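So that you can tell them apart, the chains are marked A, B, C, D and E in the order they are listed, and the count of residues begins at 1 in each.
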Amino acid sequence: MTFTAPVLSYSLLSPMLFLLAGALIGVLVEAFVSKAARPAVQLTVTLGALLLALMQLWQIRGEQSLTAAMGSVVFDGPAALLQASILIIAMISVFLIADGEHFAALPAALPGSEEERQAIQSGNQITEVYPLTLFAVAGMLLFPVANDLITLFVALEMLSLPLYLMAGLSRRRRLASQEAALKYFLLGAFSSAFFLFGAAYLYGFSGSISFSGIRQGIVGGGGNDVLLLIGIAFLSIGLLFKVGAVPFHAWSPDVYQGAPTPVTAFMAAATKIAAFGAMLRIYYTVFANAQWSWTPVLSGIAIVTMLLGSLVAITQRDVKRMLAYSSIAHAGFLLSGVIALNKAGLDATIFYLFAYGIATVGAFAVVTLVRDSSGEVTDLNRWRGLGKRSPFAATSFALFLLAFAGIPLTSGFIGKFSIFSAAYESGAKGVVLAGVLSSAIAAFFYIRVIVLMFFTDATEDGTSVEIPSILTRATVVIAAVITVALGVYPAPLLNFITDLAIFIR
Amino acid sequence: MKWLTLLMLLPLAGAAIISMLPKSMEKAAKQAALGTSLVVMAATIAMVVRFQRDNVDFQFVEKYSWIPSFGINYALGVDAIALVLILLSTILVPVVVLAGWNEAHGGRWSVKTFYILILVLETMMIGVFAATDVFLFYVIFEAMLIPVYFLIGGYGTGERAAAAVKFLIYSLVGGLLMLASVIALYVMSGAQGGHTFDINKLSELQMSSTTQNLLFLGFFIAFAIKAPVWPFHTWLPDAAKSATPGTSVLLLGVLDKVGTYGMIRFCLTLFPEASETFTPIILVLAVISIIYGAFLAIGAKDIKRLIAYTSISHFGFITMGIFAMTSQAQSGAILYMFNHGFSTAALFLVAGWMISRRGSSTISDFGGLQRVTPIMAWTFFLAGLSSLALPGLSSFVSEFLVLVGTFTRYPVHAIIATFGIVLAALYILIPVQIALHGPTTPGNEELKDLNLREKLAIAPVIAIIVVLGFYPAPLLKVINPAASHVITQMGFTDPAPTNGGK
Amino acid sequence: MTTSTSLVYLIALPLAGAALLLLGGRRTDKWGHLLATALSASSFGVGVYQLTQMLGRSTEERPVSQKLFDWINVGAFNVDAGLLLDQLSICFVLLITGVGTLIHIYSISYMSHDQDRRRFFAFLNLFIAAMLLLVLGDSYLSLYVGWEGVGLASYLLIGFWNQKPAYATASKKAFVMNRVGDMGLSFAIMIAFATMGTVSFAGVAEQAENTSEAALTGMGIMLLIAAAGKSAQFPLQAWLGDAMAGPTPVSALIHAATMVTAGVYLITRSNFVFDAAPTAQLLVVIVGAITLMFGALIGTAKDDIKKALAASTMSQIGYMILAAGLGPVGYAFAIMHLLTHGFFKAGMFLGAGSVMHGMDDEVNMRKYGALRKFMPITFATFGLGYLAILGVPPFAGFYSKDMIIETAFNAGGVKGIILGSVTLLGAAITAFYMTRVMILTFTGTKRWDENAHPHESPWLMWLPMAILAIGSVSSGFLLSRGDALVNWLHPLFDHHEEHEQHLLEPIVVSGLALTMVAIGIAIAFVKYSRQDVASVAPEDVSVFTKIARQDLMQDRFNETVFMRPGQVLTTTLVATDEVVIDGTVRTVGKIAMGSGSALRGLQNGFVRSYAALILLGAVALVAAIWVVVQ
Amino acid sequence: MDASNYLYISALLFTIGAVGVVVRRNAIVVFMCIELMLNAANLSFVTFSRINGDLNGQVMAFFTMVVAACEVVVGLAIIVTIYRSRRSASVDDASLLKR
Amino acid sequence: MLQLALEVGQTAKPEAVMFWILGPLAVIAALAMLLVKKAVHSAILMAFVMIILAVFYIAQDAAFLGIVQIVVYTGAVMMLFLFILMLVGVDSSDSLTETIRGLRSLAITAAIGFGGLMISLLGHATLGRSAVGLTAANADGNVQGIAALLFSTYVWPFEVVSALLITAALGAMVLAHHQRSTTRPTQRQLSINRFRGDSLGTAAGLSGPGVYARHNAVDVPALLPDGTPAADSVNATLSARGDMLDYKKFDLSEINTKVEEEK
């Protein structure tokens, strides 16, 4: 038996390697750097790793390879775009994470205990979130570039596990936070079991673990499609769970609400990109030839997702939950890009993911700003009159909401337009119609929040807007600028995406 | 010279200047807003002078690539229809600024914000009429909602937030339906020679009649909500009641025109066959609007709601004129858009002054104003006469053209619609009697008559109403070629005299 | 056709006066009335000048036109702002400006104590201008402008004292009912354009013969509706009585002499339409006949002197309309009666104004009596008018009314007999109620309060009355001498020299008419001169009287048939708008909210049910696969 | 012996695991049920590996075990934390977040 | 029927026998796992299923996986489960009554539907190629074969899994590790605190459970000299778990001390 040494093409893996290295350094920092210095060091390390990864990505943006890491990883235009989006969003999310105050001082301490009180007094911070974030980002980078089921599964877990953990680390309302972690974890594991089961059947159907092998199996398969269909169905459950599509969405409102807001922002934005990135690759390359089987089902799911997300969002009283339902609705919109199964759909989905991700981080960043003495205030009723007390927060939040609603001159509109037109082009008219309808429903609750902030007077219980750390403010400003810029002049980015976004098989 | 871009940039520049002023300099903000809008008006007139009225193509054309990957251009250009409406907008803005000098003070936000919103709105009003790229039009069509929303919700009275929301939701729903149609057009253009939003190219698309009907509906419902046509009208009375008079003037005078303008520019141009298919239904809706709006105006207790309902009736006339497919009706409809802007402006501004003096908008709170504040009363009366289309005032010409033009093709509709003129007499004279005649209602004895500023603001409006009533020819000469071009494009010719079948 | 550049001054002068006085405001208070009167008079001067010019030309050359500017020009719809002065309109021009000027003069004194006299004169000038536009317009559309313009002026003047709610209501009622008529005019114009492609008088006249009778009948009926609205003819007559709310000079000018006769003008002007549409013509006659009787009957029961005169006006216009409906033979008589009526009715109204002026604005004739001694001039002028309206020879009414009765009889067949009888009966009733007015006002015992100090009016008031009285006396004779008016108007009307079949000899008709008048006078004498008149209207009167006092239930009819249902409809629609249309939208919102809340129930917080949801999703997918595979 | 019989077993075990997640309340038992599902998937992998004559399936199963081990660590840590806060391992008690 | 009949030499018959014995057992054990009340029993049954699976692996020429299944899964992972079960109360038992309305029937319906459909589908599945068997692939030995794949083709995921392990470790630490925010008190400090405290009652140290009582189990509190029970003498874990017996009945003052003479 001969063993050939593997060839890894490190340059294409380097963005992930930088992140993993950064994470490992972070772990070492936990061990060896004094407590006081840790936050700053960790932040520097994390941002440095992200920045290096991004720079490296820029270097390799034009390259294409099917065989990186012995065929485990495929690198092409969409991969570069998705990874870059994830990195950018991770970066501004890290700004939020760095703004202290969000994470439990001592997660191991019982909520409300003396020990916790002491930990808070001593200014303890759990800087472990930085390496955890980096691990998650690395997993997210890997997810859309995975080229076989093993890598896909490992990436899925790698992006999920840190998020499970981080969801439980909130400083305030710790019981809810831990509950969110539990729910996220249990349901996540449940769905990855489905994912795995589906993977097994795909393997059984095609006799191959690699995407190209599965595709060949679909193209030239000799038997009937039972195994394939089961495989596609169950694998899809795992993916749809991650993006929060109905009926696999139930975790997201609870988790979004319970998790520390920076984590919510990060996972709402970045996870979606990663998961949709993987979906795009899988549906556009691997399952493309079995289109007949999954498009109708996925269309149905998309329609139900849009409508349910929008309808339930109307009735929400908590801003984070409202954003969660809105993100469910957006998952539906994004699914229509997957259904489109054409170049326009690919471009549109990538653009939409980036635009939506940025706006989401921005919106959650504003949520972190609205606080009273006991932490963030997420009850919408207490957002009354915010426009008066904090024009900055209210105006930027309104901007993000308008982007979510798809009002022209915001990035959301261009995204919606491009994704719906792609779906329409592929003949999915029902999806487009449902999308339009649910956009109308959705507009209602976005406007309701704007009314609350601007047109009603504040209640007496004094929700104050804390003067935000410079980093949070930066996040909000960056997100707002990008949102408007992409709404007014999206041409450069769209062109960039159009030129680059071509899947290789 | 890039006239249209210049026109759009001027208000923005003004807004930028105002935004740099400190909050305390309220007067300076007002003056800057007035100055800016006057400059814009002057520039518009300078442009209008250069307009070649016999040329039915778009003029002052500008085109820059905006989003090349979707074939979207920043493309501007005006024909007579757009030109007239731009002129209307830019004349009304300074009037509104001057007339509503103090109306920003009751708002949630500062005075300067109010004027920034007004000027931004002006830019969009010009842009929405000037856009020849469907996408650009849609963008501005939707984006316009935002400043209006804040103007109603932030500076209005009463249930302003609810009214603003209602306005926005209605408009957004309509806009989204239109978006679906826009997307379909875009996709079809892609299949037929490359993605484009150029209105001229889109009008050459081949599509099945079912598709055309559906897409037409998408556009039409959006415009019918905007216009508003029965039964999509219920947002308007609430919005008009809650908005400041100035905002209401812009809302009814200009923004709602986007709906009727859109019907001509998009519904007719892009979907000629579907327009024909739906004409019977639309005409019925228009006639219902005319009669229904009039009855509701008669039943209205609130002066602002009353004016809103009269507008619904008037928009019924405009819609009917647009779809009657005769050059008289078409010209009449276009002229009506212009005239209605001024007669509503006059009514609303005077009503606004009455309300701000009395502190109530209930009609029965007034009484005998003719003795107390004769100038205000007579101005209101004159505006009312314009609204009931008294011959010799501008609305008459347009209303009669619509009726006579409709009659030649759809006599029954025209006959029913004509009953509206009797109802018009009622809905104007009833409030006139209650508010202006009779003994002076207690509490009104000390009301002040119009001051110089207010007189200055209303004078040009009244002048336009009267002059165009007797001498509409200058405007008609501009409008006629465009109107008949629309008719020709649709494949219609005016019905020849029938001689009663002899 | 002759063109002229001076026609516009006819209109422009009074219009300028109106504009100047309205815009000038209080500054013009001192001299405004004088200016207005002067402008009206100069307009009359222009009219006279035009007449002399016209007389100097041959028959064919007499009509004068002036194109002012392109007014509305869209496609085939070409309407110039153009004026046309022909033999018909010159009659009106002179009547309007002449009587108008006299009434201006009268008003200087009559309104001297009113603080808004200037405004009153502005409105009078506005009226003159609008009325002149009405008769001078060369197309139906220009006429329409004047048509509504006089409606506006009428509205403003009826409601001149609109601080009294009843007066304000009266003015509104007049305008709205007029608008119903205006609607008819709109329809007529639309029909004209749709069928003939033109709306100018000349164009329609030219095209009429190429046009089907149905279309012309339709147009004719619409014109009749228009005429009925403006001229207070059945069924749109109800506003005229209430219109007496305006100052009396207004009643004299607008609601007696000029505006209310515009309907007659319209019908005679549209002779080419009616001549070709017998059905419409018949309707005209019927409307005229009904109104003639209607007005006369109301007149018998009115105690308000102005309302009695108003009823009389209605009735007399009924005569004119009837005449106009008789075709080419009747047009000239209609115009003649119109002119003579303009004199004597204006004179009587001014007389009534003079009485009221002397009686502290008392209008109830039962509170008058024996005023002959206190107001001799008024009595004299009023009396001359009285004789004229009765048709006593040789006063003006004799010539004009007699002709109409005669023509009515000559209409032939049953139609002729019925119409002739109606006109004769009308003459009798006219005699009755006018005598009643005379007796109640000027003779008998005085029934007024001690506070009243009846006195003769100043010369500024009686002078116009005197001039009009002269007209009442002489105009009939002058106009009919040698068929002057008939011949003057002849070129305009297509008089086909039909074989005139005389049912009754003219002299017989005159005799009959005079007999009827005598009977009417006699009854009135018996009823009012032989016994004392109660100063309060007696209640124990016949049902007929009661109904007549209520204007033959016309208001109740309108109320029941139009107003109440209209109000109900309005309320219903307001409710519909709120409940049904807005309600539907709200319901959609509620459904969305409701389904949102219901779906929200899925999110019950239990992780196990979330897992169940995922499991169900998986089952659904598997089931779908199963279905596909089977 | 028909190798596909293992697939039936695998499917049954998977189903039982899935139902267990829904019906059991003890978080640890729920988690064990998930592990059962993963094991069922592994059995499928191994069986398919045999059918396909290809070791990739076994490698995948191996990865699954490793990843599952990591998941267990994280999962149990979370369960312990929530148990310590709430004194209960019942997943039903964790229902603060809803609606 | 899935045409996968695989005649693997002479092992065919023994494998079938093994399968038909162990297969049903595995299913029964799995079902029982759902039905037993105590979590510990579930864990044991789970381990049982896993071992059966290990046997299946080995029977299917996946010897390496079979061993790993036993060593890692059953040995380590299940032990971790049991360990945690101990921590949260080894004898804690689930009430099997369903509290969420309709959920159980729903779940059972779903399960029957799911299982039935899956089996039906598998019955319909065809592969279009004949089953191969692992004889060829395992020619160099099963472990060698897997190793070759693992360290060449799958080296990248293999490396990435290390990150996953670090994450797990880090996560467990974050959630469980009590970082001290104050320095640990020395013995000396503790003594001082004890004697300087408000009461000298505990100065001599806490009593052990059950010492002076009539009962000497660890879950019964000690009685202090005055006869009152010392609640903190019971291990905190036990009391936290609610396993401490009610001390009231051992309280001297509560005990009937009256000696009744025997008759």
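By our rule, a residue touches a chain if its C-beta (ideal position, glycine included) is under 8 Å from a C-beta of that chain, and two chains touch if they have at least 3 such contacts.
Quick caveat: nothing in here was measured; it's all calculated off a predicted structure.
Starting at chain C, how many touching-chain steps does it take at least to reach chain E?
Counted as steps through touching chains, the separation is 1.
Among the chains, which one keeps its Cα centre farthest from the Cα centre of chain D?
C
With contacts defined as at the top, give the pair, A-D or A-B, that has more of them.
Pair with more contacting C-beta pairs, A-D versus A-B: A-D.
Which chain has its Cα centroid closest to the overall Cα centroid?
Here the chain at the core of the arrangement is B.
Please identify the chain with the largest separation between its CA centroid and the CA centroid of chain E.
C
Rounded to the nearest whole Å, what is the centre-to-centre distance of chain A and chain E, using the mean of the C-alpha atoms as each centre?
Whole-Å distance between the two chain centres: 33.
State, to the nearest whole Å, the distance from the C-alpha centre of chain B to the C-alpha centre of chain E.
Computed value for the inter-centroid distance: 73 Å.
Please report how many Å separate the Cα centroid of chain A from that of chain C, as a whole number.
About 79 Å separates the centre of chain A from that of chain C.
If you average the CA atoms of chain B and of chain C, how far apart do the two points sit, in angstrom?
Centre separation, chain B to chain C: 37 Å.
What are the residue numbers in chain D that touch two or more other chains?
Expected reply: 7, 14, 17-19, 21-23, 25, 30-31, 42, 47, 49, 51-52, 54, 56, 59, 63, 67, 70-71, 74, 77-79, 81, 91-92, 94-99.
Hunt down the residues of chain A that sit against at least two other chains at once, touch-wise.
In chain A, the residues touching two or more other chains are 107-108, 150, 154, 157, 161, 164-165, 168, 182-183, 186, 190, 194, 204, 207, 224, 226, 230, 253-254, 444.
So which stretches of chain E touch two or more other chains?
Answer for chain E, listing residues that touch two or more other chains: 100, 103, 106-107, 110-111, 114, 118, 121-122, 124, 127, 154, 157, 161, 164, 167-168, 171, 175-176.
Can you work out from the touch definition every pair of chains that touches here?
A-B, A-C, A-D, A-E, B-C, C-D, C-E, D-E
Name, in rising order, each residue of chain E that touches chain A in their complex.
Going through chain E, the ones touching chain A are 118, 121-122, 124-129, 140, 144, 148, 151-157, 160-161, 163-164, 166-168, 170-171, 173-179, 181-182.
Using the touch definition from the top, list the residues of chain D that touch chain A in their complex.
Listed in rising order, the residues of chain D that touch chain A are 7, 10, 14, 17-18, 21, 27, 30-31, 34, 37-38, 40-42, 44-45, 47-49, 51-52, 54, 56-57, 59-60, 63-64, 67, 70-71, 74-75, 77-79, 81-82, 84-86, 91, 94-99.
Contact residues on chain C for chain B in the complex?
22, 69-77, 81, 141, 144-145, 147-149, 152, 155, 159, 162-165, 168-169, 172, 175-176, 179-180, 182-183, 186-187, 189-191, 193-198, 207, 210-216, 218, 566, 569-571, 573-574, 577, 581-582, 584-585
State the interface residues of chain E toward chain D in the complex, per the touch definition above.
Chain E residues touching chain D: 1-2, 4-8, 12-13, 15-16, 19, 23, 26-27, 30-31, 33-34, 39, 42-43, 46, 49-50, 53, 56-57, 60-62, 64-65, 68-69, 72-73, 76-77, 80-81, 84-85, 87-89, 92, 94-95, 98-100, 103-104, 106-108, 110-111, 114-115, 118-119, 122, 127, 131-138, 142, 145-146, 149-150, 154, 157-158, 161, 164-165, 167-169, 171-172, 175-176, 240.
Which of the residues in chain D end up touching chain E in this complex?
1-9, 11-20, 22-26, 28-29, 31-33, 35-36, 39, 42-43, 46-47, 49-56, 58-59, 61-63, 65-74, 76-81, 83, 87, 89-90, 92
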